[in-house]
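Across the two complexes that follow, subunit A remains constant while its partner is subunit B and subsequently subunit C.
Moving on, here comes the complex of A and B:
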């Protein structure tokens, strides 16, 4: 995982920079136990990029060696993009009641975790699953047992799982929380390029 | 003992690793629902007696039956939900048309859930990017080579590849085809990747 610094929305990205951002989002999403902020701008730009590349490919003569290289690159980028979106969808499906709850309770000014389409998908998934459980079993149960608390029934993402971090910018005075009773909290500086192993929950806030 | 049937349902799924989907146990679920009905009715009458005749010694039994009811509900919900997760995986493994053998193992409500899920997924994938969307059920492995050698495992018929050429996929024939076109057919068992 990388701790990223903010880029202004007006930055023009070269294709190489765009793909680098996609790969960073992909790695972060893959290794984070929780759903991260959605990056629809990156997704849209990459899709546009892929369309341009496919168009360019049509104009290259058949059998030209360039065609294979371009084809390979297109496939590579499409794989990373698909994998990124799949990671997200899998987490949305796995933790759907919590994902929807989090989205419902965020402030209007906070960035959304879900794209509008992911949000629609999550709501449909919830409705579909609830309808199914009701139809096949719950409605046949005694009156006081016809509902299931879906938030309690579906497990939450494991936020205390450990992740690897790489520090991109030097950070000073980071507080490390104690984990056992014998340890004490301490303050440390993080150098650029340093790599650490930490539980996800602590690094979310730092 | 109570809840035996419910626990058996859960065990049946636990035994089958690999995400296999056994036939829907209509009988099993029905038996659990019947047990729940009986427990509930016994509790109803005991609760009335406890209230009207002050028979508070009935309360532990009432509480016990209530725990059994909750356990039954939990087990049935777990059984049904775990099956849904396996059914969801089928969409990603086989595509939107399920093999008939698998369909026979699903009850009507599960088929309905699957149809709704397919639709939701399709709507989502179509919305990606500007035109046409992106099929994220493809490209499951990082691309290693452009073309792969495949052997046809069953008669499939004609198959068109990007430049318009049509390939006849007859059982045991071998072809050198673009990898991205073959992915789904390999997963469906029509083609086999030959790694020399």
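Moving on, here comes the complex of A and C:
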């Protein structure tokens, strides 16, 4: 059995690093107000690892302590993965027209925000919502009011909401937008390891 | 985030146990000890395709480091004894408590998940931890002091309309207790303020 081919599938990431990245993506997706970039490579690699482990466990006799330990770990990783995918789906459902708009307007070379399955899901959701609105309400309205602008009807993701964040590398001169006329813009330096509370918009640009 | 999810994250911390069974090495996918090891995959003697990291080998009476989720499971199956982490000691915790009460800012905690670990270990393994009740009270005192400080600083954040705050040394569990309320109320106030500033501007994010 060639081990090196399985090794290269990890793309020089140790499995521990892969799981750590998955957990980081999970926490980031949970706490950010808008849909973040799709980490499909991580998802695929983790699925591969899980399938491998599952296959191994099928082959070994039941009742083994080792098997139960491996099974527990598989369950934990599976939970993180499902929770990650679930929070992405929730955001897609909440902000579906904006998500599709963003995907349409990105350059071909930029990484995509949605995986192919998520994209198909979003389009279906849009089509279903439009059909539903038409069937339930719109067709009973006078003819000149029968269209609805979905982009305006669904609220945009609140990019100004506050988030807690942890700084990993030192950043300089982060601009904090003023909220009132009395305050001025100011710049701060972010030290490594600091945990802050500030609005998402200024985090995005930094 | 749900408190049980915070506990899930805390369960990855390592703790020492003393097993009463023997087993050779187990290789987990996401072992926390192995962040610096170079990965390699190979087939072990009993046919497992081992991926990364190692736990064990387990020998009766010899201490070994395992993640908390595994330690609790083994303890429940009565296969091991849990050794309390070195910070879970009455004198140390009293010192930490005094330090926390003196300082205005948050002092560094011995573990980023001290609250969850205390609760888990004291609930499942209090027979392995000396003076468990005192430890429970001490940790609760430290927690109360820190959460009170957090409430005060959240209050001043809101009244002085700050745009950002620095919160070093806070643990995830503490942040989580006030996360939903604080963030939602800050967002609400932000919306009210910016609408005052921009009369007639397009109001984004209308929530119903």
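FYI, the second predicted complex is superposed on the first by the 192 of 206 C-alpha atoms of A that agree within 3 Å, B and C clash if a C-alpha of one lies under 4 Å from a C-alpha of the other, contacts with A are read in each partner's own complex, and residues count from 1 in each chain.
Following the convention adopted for this analysis, a contact is a pair of C-beta atoms (placed from the backbone, for glycine too) under 8 Å apart; a residue touches a chain by one contact, two chains touch by 3 or more.
Given the structure is predicted, the values throughout are model-derived calculations rather than measurements.
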| item | value |
| --- | --- |
| Side-by-side fit of subunit B and subunit C on subunit A, or clash | fit |
| Touched partner set for A:30, first subunit B, second subunit C, both or neither | second |
| Between subunit B and subunit C, more extensive residue contact with subunit A | C |
| Partner chain in contact with A:142 - subunit B first, subunit C second, else both or neither | first |
| Which of subunit B and subunit C A:19 touches, first, second, both or neither | second |
| Subunit B versus subunit C as contact partner of A:52, first or second or both or neither | second |
| First, second, both or neither for A:79, with subunit B first and subunit C second | both |
| Minimum distance between Cα atoms of subunit B and subunit C in the superposition (Å) | 6 |
| Shared contact residues on subunit A - subunit B and subunit C | 72, 76, 79, 83 |
| Residue ranges of subunit A touching subunit B (in the complex, touch as defined) | 43-44, 47-48, 50-51, 62, 68, 71-72, 75-76, 78-79, 81-83, 85-86, 89, 93, 117-118, 120-121, 124-125, 128-129, 131-133, 135-137, 140-142, 145, 148, 153 |
| List of subunit A residues in touch with subunit C within their complex | 1, 3, 6-7, 10, 14-17, 19-20, 23, 30-31, 49, 52-53, 56, 59-60, 65-66, 69-70, 72-73, 76-77, 79, 83, 155-158, 160-164, 176-181, 183, 188, 193-199, 202 |
| Residues of subunit B touching subunit A in the complex | 29, 33, 36-37, 40, 69-70, 73, 76-77, 80-81, 84, 88, 107, 109-110, 112-113, 116-117, 120-121, 123-124, 127-131, 134, 136, 138-143, 146, 163, 179-180 |
| Subunit A-facing residues of subunit C, complex | 1, 5, 8-9, 21, 23, 26, 28-32, 34-35, 37-43, 46-49, 51-53, 69-70, 73, 79, 157, 161, 163-168, 170, 175, 179, 182-183, 186-187, 190-191, 193-194, 197, 204-207 |
